[in-house]
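In the two complexes below, chain A is the common chain; its partner is chain B in one and chain C in the other.
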Partner chain A sequence: MRLMTHNVLQCNKKGVQNGFPLIIKATSMKYEETPFDKSFVSAMIPKIEYHALLKAVSEVQQCPNIAGMDKLGSLPVLPLAMPANPDEDEDFLRRLHTVLFDLSMLEGELVCPESGRVFPVNDGIPNMLLNDDEV
Partner chain B sequence: MGSTWIQGYSLGRTWRQASGVLHRAPAMAGDGGRREFLVLFAHHNMYFNMRFQELEAVAHLVANISRAELYVEAPPCALSASPLVRVRLSEAEARKICERAVLVKAVLEVWSLGRSCAEAVEAALGQGPEARRQRRAFLAPPLKLQIRVEAFGRTLTLEEKGETMEMLRPLFEGDEVVDLKAPETNLWVLEEHRHECEEKTHLGPRKSVAERVFIGRQVAGGRSVDKKIKGGEKAYFQRYDLSQRAVLGPTTLENELAFLMANCACVQSGQMGMDPFCGTGGILVALAHFGARLYGGEIDIRVVRGWRIAYTKNKAAVLDAAKKRGLDLTEPAEPAAAPAETGSTSTRTDSWSLQYLLDIGLPAEVKKVKQVNPNARAEKDHRLTSAGGCNIFTNFVQYGLPSPEVVVCDNAMPPWRPVPGGWLDFIVTDPPYGVRAGAKKQGREGKAVVVQDISSYIPSKVSYGEDELSEDLLGFAAASLKDRGRIVFLVPVDLADFLGIDRAAAEQGVEDGSRPNLHDICHPKSGRKKDPRLCISETTRDPLLLDEARYVDFIPRHADLELLGASLQVLSGGLGRLLVTMRRLPR
Partner chain C sequence: MVLEERALQLYTAPFGGQSLQAFKYGSLTPAWAWKEEDRASFDADRYYDSERTAGYTEHNRGSQETLARRTLQLCSVQTESTDQETLLAVDLGCGSGLSSKAGSQCHLAVIGVDLSSEMLRSDEWEAEKHLSPMSGERLRCDLAQPLPFRSQVFDLCYSVSAVHYLATASGAEQRIRALTGSLRRILVPEARPVALQAYLTRSSGAVEAFQAAARKDGWLCDLVVDQSHGRPAERDYLYLRKGGTELAPRCALYSHAKATCALALEAWAQRQKAPLVRLDGAHRAWLVREHDRFARRLLRLHKRVADGASLDHAAPPGTDAAALAQRLAGIEEMEEEARLSAVLSILHS
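Let's turn to the complex of A and B:
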């Protein structure tokens, strides 16, 4: 599960008003470089929740095991607020690309911030199914 | 010759007038030098009815041309039986359409038209020396050429083809060079005969005479036309053939239809899309081929992970894919001397029996007994299990495509956050309607149970009605598609409804007066009466079935989605399915 996917997932348990963003508790992650496409990344900007993304990056830093991290060095640092003209800031777009598309969660849990419902992630596939008493 | 010498042209102008503009240099600026071409469709046994829907979508994609601008005549309707349609395009656009479309066989520049081949040749000669000089530019040595003779509505014998080619002689100077292997110019002679359903034999009614004959030069060839030239591969979608695919699900969509749907959705590189019912990713593979970034949703974790229900025919591809992913492929401890065929047969039998249980709709409890813990019960060849890399991502490794993002989720309770203005460019999906694979959503019938161990608990599912499913799907599409984003999906239909046959009365005996659901129709009780009216040929041209007005009522609707097109594929057993394209209206 890439962080882009995390940015659009929410807890849909019955009664939960604000199930976004899910808290990342990763035990295993992976860095894999993908080709940078400037126009695609800038098209993502209106779709993402930037603060949720910042939170996700700080949660990813807690992960003990990120495969391929030696190639990346360190996690890219995103500015605390979106730059004024993000479309023209290629350095920012490259960092955003790395965070959104190159980092993916392999094993761990996603936790609903409101209800505490835990959604497991195995082999990079989050299981968002609810139990029959939760729908 | 009078102005009504060829029937079938409804706009009241003769071909002669129309063909006068064929060789004129493009006059209008801004249209990219568009002129008239003839699109020749493949006579596809299964998807022939979908040809206009695909052509319009691909034309929109590669040329940004609307339906009204595309056709020279009135837009064709679903009842049209002709594999030919006249369009207005530029030569470059025609080539792009040929490269992309699944059902387009070739695009031709028409040189002349007549009711018979002799008449067409005469018409070409009658165009004068200037037209002859322009034709000569494509025929004169050192260019090499070949002539193809094809007929629709009947089969030509070799002798007849030879006679037809002989008739073309006046068009040539005599020094032209023929090369069937690598011709620069392809000349076509197309004979169109009336579609005679009644007297049709497997060779077609041999006595019928042509209604119109086209002579033209091929501008671009798609599908299998150029296979001799391009060294074997018939078309780009051929390499995704299911017989060679590493991992298959119980109802993996046929690859040509998957590409057809991707074309209807105008999928292109740099877009983001989703298949909310992805299964083993048959549609996602087609979408990924065009460079889109993809999400897949699937409720059944067994399919996604490749546990039991997914199976493989092409073991070599699975092992190759696993190797590419750097997975451990050490041989299992027991001697692996058994021939590969034995292993795969047993695997298939197992998945068939499980599929059978699913098909007959056994309750979840029974299925749970069959569903063995995949870790405890490894397959005979452990290299083909999930651990060995046999899951939804395997096919993407096999084809060298980027992996999609897969989320196990329920269409009835989508876990996606609302994004203002939408976030998906397209949705392409083949939802389970309970016909071949049961449609399920989360829930429990009867009283609630106390969950002892949440980690190993598999939530119960209840069946998911067709209407509810499509309502949820269109609701999700309206919320998540960007403005003008497309959704392409399949809807099963019961052809008895089209023909006004009461299936409940005819087959099941009226028990409670209710209409049987699609599952009951596909899996009838033994000894049912088979209505002969429902033994429908899959290539029928019956207007009672094909008329667009017949099926518009069966297409689910949503206030924010406009219907762009729908076409019917007739299946066996009196069933059919509709390919539906819809577009999100601007917010």
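Let's turn to the complex of A and C:
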């Protein structure tokens, strides 16, 4: 699960009013570079909840095991607020690309911030299935 | 051959609709049709073990990719050119990823969702890893539960061979409404039309159930029938668009299903100033030829009846078909391009 996907995920369990953003508790992640594509990452900007992305990056930093991190060195630092004209800021777009697409959660849990409901992630695949009584 | 049968069917029994089918196949059910009892006990997660997953993927590779492209074309995605803008899409019932891959190839950012853990773990996902910065993204959830996404984020939603499982014998309406409710919530207001290719048992009321559920959520839902190039089997697509009240014209080729076709929908979308259907050129040309063949056959039957010859069947010509044939007779002498365009407008009236 990439951080782009995490940024649109939400807990919609019955009774939950604000199930976003899910808290990332990762035990295993990986960094894998994908080719930078300016139009692709630009198209994602209107979709992103930026504060949730910053929070996700800080949670990823707690992960004890990020395979391939030696190639990246350290996680890209994102500005505290989205730049005014992000489409024209290539340096920002490259950092955003790395954060959104090149970091994947492999093992761990996603936790609903309101209800505490845990959604396991295995082999990079979140299991968002609810029980019948949670719908 | 199949089209000729259909012309005969339209001509001899336009209102009964069953006679030719019963005549040709007796009581046999076509091989592709699922029985209701199969569906009711179907659980994608229990059914698809690793062996079935691999088998499904291999067996369906070519046809799934074709179906996925056709589905995306209805969603107004250009599948032939590389200048398609990037849109955030969700692939409902992505299975082993063949349909998600088709989306990634069109420059879309696709998130696949499926109920089957084995399908989501198929080796096939590895093969498509580098098609786009988002390719291979997927998660497990149930289409009949509220989809686990924020509101108003997706530009596009499509599905290949999946949503018929919602239309099981009992509780179908509730499941379908859950999905149409999720779609209303997760798509942006200016989203592309939704296209859901599915194997619907036409007599089961599944199409009507989708239409009713969609209408309650403010969608217009139509049934589009299309055929893959060179293959006789018809494929059903549910086409959902926000707003509007008027459906596309029915297509005479698919009158037995009360459906429209990709060509009729394409012309309709253009007139309505709706997002265009992006048929690929080869498929459009093939569809035009099929319409022409159908029209010629209808006309031949009409002339044989007019000459007093009896058809293989005793049923009298239907008034609808006779009227169509009469109009087709009126354009026989036209220059080729104008004639083809007149054929389409007559078969889609």
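Observations on the model:
Basically, the second predicted complex is superposed on the first by the 135 of 135 C-alpha atoms of A that agree within 3 Å, B and C clash if a C-alpha of one lies under 4 Å from a C-alpha of the other, contacts with A are read in each partner's own complex, and residues count from 1 in each chain.
Here is the rule we use: a contact is a pair of C-beta atoms (placed from the backbone, for glycine too) under 8 Å apart; a residue touches a chain by one contact, two chains touch by 3 or more.
Nothing here was measured: the structure is a model prediction, and the numbers come from that model.
Three-chain overlay on chain A, with chain B and chain C in a clash.
In the superposition on chain A, A:S39 makes contact with both chain B and chain C.
Once the two complexes are overlaid on the shared chain, A:V8 sits against chain B and chain C alike.
In the superposed model, A:D133 lies in contact with chain B only, and not with chain C.
Of the two partner chains, chain B and chain C are each touched by A:D123. Of the two partner chains placed by superposition, A:N18 touches none, neither chain B nor chain C.
When the shared chain is aligned, chain B and chain C each come close enough to touch A:K47. In the superposed model, A:H97 lies in contact with chain C only, and not with chain B. With the shared chain A as the reference for superposition, chain C clashes with chain B in the stretch 77-85, and the other listed options (23-31, 77-85 or 113-121) are free of clashes. The residues of chain A shared by its contacts with chain B and with chain C are 1-2, 4-5, 8-12, 20, 34, 37, 39-40, 43, 47, 49, 123, 125-130, 135. On the side of chain A, the complex with chain C involves touching residues 1-2, 4-5, 8-12, 20, 34-35, 37, 39-44, 47, 49, 97, 100-102, 119, 123, 125-130, 135.
Against chain A, in their complex, chain B makes its touches with residues 270, 293, 295, 299, 301, 304-305, 386, 391, 402, 405-410, 412-417, 419, 421, 423, 442-444, 448-449, 451, 454-455, 457, 459-460.
Interface of chain A with chain B (complex): residues 1-2, 4-5, 8-12, 20, 34, 37, 39-40, 43, 46-47, 49, 120, 123-135.
Those residues of chain C that touch chain A in the shared complex are 85-88, 107, 109, 111, 115, 117, 120-121, 130, 132-134, 137-142, 145-150, 153-154.
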